[in-house]
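You will see two complexes here that share subunit A, one where it goes with subunit B and one where it goes with subunit C.
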Partner chain A sequence: MSGLIRFFIRKIIARFITFFVILTLTFIIPRLLPGGAFAYLVENPNIPPDLRQVLIKQFGLDKPLLDQYLAFLKQFFTTGNIGISFSRLQPVSTVIFQALPWTITLVTTSIIISALIGMLLGLYSAYRRGGYFDTISVAISMIIRSMPGFWLGMVLLIIFGYYLGWAPLFGVYTYGYQYSNILDYIGDVLYHLRLPMITLIILSIPEYLILMRNSVINILGEDFIMVAQAKGLTDREILIKHVFRPASLPILTALTIDVGFSISGAMLIERVFSIPGVGRLAYDAVYMQDYPLLLGVVIYTSALTLILVTIVEIMYSFIDPRVRLE
Partner chain B sequence: MRYLKKFIDAMRIIVKNRKGFVGLILLLIPVSMAVAPNLIAPYNPWDIVDKPFLPPSSKHLLGTNDVGQDIFSELVYGSRISLLVGVSAAIAAVFIGTIVGLFTGFYGGLLDDILSTITDVMLLLPILPFMILMAALLGQGYQNIVLTIAVFTWPGIARLIKAQVMSLKNFPYIEAAKAYGASSMRLMFRHILPQIYPLIVAFVILRTGGAILAEAALSFLGLGDPTQKSWGGMIYWAMNSGAISSGRWWWIVAPGIMITITVEATALIGYAIEEYVNPRLKGE
Partner chain C sequence: MKLYERSNIKITVILFLTLLLNISIFVPPLTLYSSPQTYQLTALNYIIRNPNIVPGGTFRDPMMGEANTLNPWMYSTSWEYMVISVVYDTLTTIAPDGNVVGVLAKSFEVSKDGKTYIFHLFENATWHDGVPLTAEDVVFTYKFLRDYGNITRWKDYAPYIKDAKALDNYTVEIDLTEPYAPFLTMVASGIFIVPEHIWSNITPSQIPTYKNEHPIGSGPFIFKEHVPQQYYLLVANTKYHLGRPYIDTLIYPIISNPDAMLLALRKGEVDDVTWSVPYATVPDLLKDPNIKIWNVTELGARFMYFNCLRYPMNETLFRLAVHYSINLTEIVNLVYQGFALPGSLGRLPPILQPWANPNIPPKEVKYPFNLTKAAELLDKLGLKDVNGDGWREKPDGTPLKLVIYSPSYDPLRVRVGEILASNLKKIGLNVVHQPLEWTTLVSKLDSGDFDMLIIGGIGSQDPDILRMLFSTNGTWNSGHCSFPDLDPLLYQQAVTVDLEARKQIVWKIQEKIAEYLPLLNFVHQQFVFAYRTDKWAGWILYPLASPDNWFSLLSLYNIQLQKTNITPTAIVYTQTTTTPVATPTITPTLTTSIAPTTTAISTITTGSPTYTPILSTTTYMTATSPAPAPAPTWSIMAVIAVIILVVIIGIIVYLVRRRR
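For the complex of A and B:
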């Protein structure tokens, strides 16, 4: 038990150090670059002088760098905020906390569903290695991995949204609609999120399919499979009881790396489907040159990734206790 | 002459592999567009040649865009920027990755620990927000996109090169060279590096596809160079001109298919080279 706790503490400390480095980088980079974010702010003639004074004060640009850094850290760790978004005139943290739930919903559901589907398809692909199903699923996986994800979203949106009318063209709510109760609201949101989620799931399946397929092929070559066959177990029993669990371990490792990819993918998909998540914020921030908001997006997407990765690692340590000994 | 012979040898290896052959055929499409766009495109992509928003017709294969430029001509000329950005970003990333991988693999120790930490973290984090931040801070321009992509994609390459270097440095011929008094630099650059050339070429080709996808993503978020035409930029303008809500699918589908073909081609050729370098991979 103490080994387990030590494992958790070590993981959490490592992740926290990583996050601290990112936080420091987001502080340093815009201040270091010549003509960077804050030069733009100070020299921009479109910003009225009184607002400029407020902004310079807000970022403490008139103080020594170390004071600025300490104030930055203090503000982040006490309020979670890193400044005022100058396109929305609200604290960055407020803007981001409104957006994060959308991104979290998209990322978590798509990872779970695509991992499950990908593992099942990969298992079957490996079992029928060299057959039609295997050849076709591997080929399709390679093609999907070569597509720009956001482009697939746009194509699906034109087909199912514009031509077939099965999905709304943009947004997450039906405008001007009065919800009678919470279920009604959830139903409407899910109706709007259906197509973006399906897009993200399609985009993630190939990764898991190929990994699972290779993992199962390795395990099918092991001696204990021959023992199981010799005992007279059916193929189905062998696949479910003896192959699935050991083969799925590499998938869990891959999940940790996939979290970051999925967040990047979801950010692009949000722009396609006009979902008000952090991807949409990043796009708006670039468009409005709202650097505090953009820095906030970097900080919070990193934090989200590190938290999700740590959760996956802790789950993994329960399924495969060997990793705790690392 | 020596390089020409090597090139022909490499081509022969790729063509013999079924995946590599298909990849080369696919790659001919964007490459021929980029080499001789004036022979393929019917118009200058910057000229306003007709009314805006025309649907596909025999006169304009893919219709016209929001200002009346021929979309098919844009597509043909766009291959130049997309390929150029892809190849240069891939070369830059592989260059950094190779140097870092060579030194960390050869010396190991603390250098290796530092690299491993950086690589682990960079592979874990969502790189898109970081790339958006960097591209936004550097400002528009294709050199900046190349730099941004290279900065965030080298760690994976460094890790793979490092693994190769670590196994090569224990080979007897290295020990022999060392016994003859070869310096560390000479060992690294004369004796180890040439052994991983095929791998480096495979990485450049594979990474070109990834870099083309990254360029498309950044352009799609409005971080592309508005003075140049690329496939990602075309999708951006199509999206911003309401191509989805007006059902102009050809405007979106065409550049995306070009990206997919090019990336798929680089993946297939990359696999072919990897299978040649590492025959155990065959049939997987």
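For the complex of A and C:
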């Protein structure tokens, strides 16, 4: 048991160091840009000089770099904030915490559902390998993998949102509607979120399907499968009891990598479906040249990625105890 | 039955008033413009007021982005303006027909020397928190502008304010440091009056970053709720001094995907769209009988700067030759598919009445497309091909190579640049056309490192924009063309308060511009807005504003709630003045299909602009990306896609199975 705790602590410390490096980089990189990241603010001829002085003071741009860095770290670890968004005129953390729940809901649910579906389909595909289901599913997977995500989102929006009317065209709930109870609200949110979720799920199923298929095919060739067959177990029992668990390990590895990609992929999807998430925030921040907000988005999404990766690694250690022993 | 008569009387009154105004513009010594000039009209003359209308319903007016600040001193985007303009009131506003009319002011007068303005306020106006609005609030606002204006978006106007005094509870006197003719259109119609009891607590250093999350104004709608990146919710101000709006709830949902916004309109989930619809989708949109479109013409133009600090652009003859080598009719019809007016030689778009000079012939009449003529002019300048390489050289024999820059994000202006460059090549000028990314283009413009540069925008409701564009030190005179006899006129119009006298000067300026040609104005582009007519009626439509303008929001009523027939269902102001030379082929069919269902009062006095969300001068960056060819309908494309998909999968399956 102490080994397990040591494993957790080691993982958490490693993640924290990674996070610290990210924090430092996000502080330094914009200040290394030619003209400085705040050139927009400082050199913008449309901003009158009086206003410029006020803003420079407020954002602390007149202090030496080291002081700025220490103030930045102190502010982040005490308040969770990294500055004031130029465009929103609000603390960056306030702006991000309003948007983060929607992104977390969207990304985590879609990852879990797509991983489950992908694994089951991959299992069946490998079991019937060379069959019609296998060839068709692999072919479709290839086609989906080569589609741009926002395009698929737009197509689904036109078909299911506009022509069939099964889903709303924008938003995360009916704006301006008074809900009688919390269940109504949750139902409405699910109704609004299902199309973006389906898009994200469709987009990430193929990866899990192909990985699972390959992994299952490998395992089906192992000796212990023959033993199980010799014991007289049915195919179904073998697949569920003896193949599924070992075959899902590479999927979990893929999950850790995929979390980061899902968050960035969700950014464009959020814009297509008008979801008030972190992705749209990043898009707006780039558009408005709002560096504090953009850096905040980078810091918080990387923090989210690191947390999800750590959770997946801990799950991994339960499924395959060998990793704890290193 | 009674109500029918009433509303008819109303129409007659409005008709009569507009006619009266129409006359008054051309016959100056009428009672309306005695000296000191007194203005008696208010916004009430331009909105639908009918006691039989049953108020109610939710109007959904989508925005594409978040309004970052609701601070009336600091806003910058049109989304911010959409919220602020209905929560706060100005003293005056510019009516659909171009008159300056009162909003908070019942009437107002200008002294003869143009330095003193007196505003008589409505006595029943109150702030949303119940405090009455008095002259003290107006005085506070104008002193605020004078004292702290230099750190706000209104910094250009702050120096003109000398003092503001309350003569009594409902009369304000504003003194200017010098006569400033655009005061009524730009300042009195631009500055939102803020409540003293709230804004006096805000220190100057707080102003730039004050977000004003719960604005308290005196406007027709009360701010209720804002959920970031999702929506703004406003409710009708039932105590509004001009009468309550018939809309009960005004929702601005934020739809970040422009295509989804259009789909939502077609499905009826929103009541209008607030960005320019791609031209190619218009015919398809109009198949729905409940959707109408409205074209809004820009106040500026799509135009090209000549760099007058370089040879040969500093030669009027050269600029004239360039004018002869482009066919604006073709540009309007082929590039802009009819959604534009040909660029006027006097710069102001013809719909900007009374300022646009109707006596200046259109470019295609005065300087018609003629490459031979252009070549002759170049010969006359001494630009001849001496060494026989096919390109013209400078008179001293050195090679001449010119570059035209255009903004790469706008395919339309890139095409215009291509057409112009290829025409100039035909007459032996070595011209290269190079589209540039936006920031590079702007830095080229600012540094003056260009020969000819295509850009767009820079328009205003007030002709003072001519001074910024053409005077030697003008803010927007990026080509640095300077004409000694033009400068005095440009300054004179800015201090001439008398409308008729000012108009004469402005007309004269345009005549001179049409001779000197410091800019090549290609087109005045039109932006297409779509709105639904099955749920809301009472639209006020005019050529310089989208259908969801301030006047519409006060007049719109829900058709489904009405128990009696209400007229009018729309008031349309179109311009009856200068018609463009070549009426584009598409436009007529579109205009007929726009025609509102009922009594349209289309008397036009002076089609002047309103609703320029972004300050006085603006460079449009609106994304208008019409597809060049009409796409096949969606269903055919879907069928083809499915067939291709099935074929591909079939081939894969066949190949894989055969190998075994």
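A few points about this structure:
The rule is short, and it goes like this: the second predicted complex is superposed on the first by the 318 of 326 C-alpha atoms of A that agree within 3 Å, B and C clash if a C-alpha of one lies under 4 Å from a C-alpha of the other, contacts with A are read in each partner's own complex, and residues count from 1 in each chain.
Throughout what follows, a residue touches a chain if its C-beta (ideal position, glycine included) is under 8 Å from a C-beta of that chain, and two chains touch if they have at least 3 such contacts.
All values reported here derive from a predicted model rather than from experimental measurement.
In this superposed model built on subunit A, subunit B and subunit C take up the same space, so to speak, and clash. When both complexes are overlaid on chain A, the residue A:95 reaches subunit C alone and has no touch with subunit B.
When the two complexes are overlaid on their common chain A, residue A:154 makes contact with subunit B and with subunit C alike. Within the superposed three-chain model, A:172 lies in touch with subunit C and out of touch with subunit B [touch as defined at top].
In the superposition on chain A, no contact is made by A:202 with either subunit B or subunit C. When both complexes are overlaid on chain A, the residue A:87 reaches subunit C alone and has no touch with subunit B.
Contacts of A:247 after superposition: neither subunit B nor subunit C is touched.
Contact with both subunit B and subunit C is seen for A:162 once the two complexes are overlaid on the shared chain.
In the superposed pair of complexes, A:269 makes contact with neither subunit B nor subunit C.
Of the two partner chains, subunit C is the only one that A:139 touches; subunit B does not reach it. Residues 143, 154, 157-158, 161-162, 169-170, 271-272, 283 of subunit A touch subunit B in one complex and subunit C in the other. By the touch rule above, subunit A contacts subunit B in their complex via residues 18, 21-22, 26, 29-30, 33, 36-37, 142-143, 145-148, 150-152, 154-155, 157-158, 161-163, 169-170, 214, 217, 256-257, 259-261, 263-264, 267-268, 271-272, 278, 282-283, 285-287, 289, 291, 294-295, 297-298, 301-302, 305-306, 309. Those residues of subunit C that touch subunit A in the complex are listed here as 58, 62, 65-66, 68-69, 150-151, 155, 205, 208-211, 227-231, 233, 249, 251, 253-257, 259-261, 263-264, 266-267, 269, 634, 638, 645, 648-649, 652-653, 656-657, 660.
Residue ranges on subunit B touching subunit A, taken from their complex, read 121, 123-130, 132-133, 136-137, 209, 213, 216-217, 220-223, 232, 235, 239, 244-245, 247, 249, 252-253, 255-256, 259-261, 263-264, 267-268, 284.
Those residues of subunit A whose C-beta lies close enough to touch subunit C in the complex are 48, 50-51, 54-55, 58, 84, 87-90, 95, 98-99, 130, 132, 135-136, 139-140, 143, 154, 157-159, 161-162, 165, 168-172, 175-176, 270-274, 276, 280-281, 283-284, 288.
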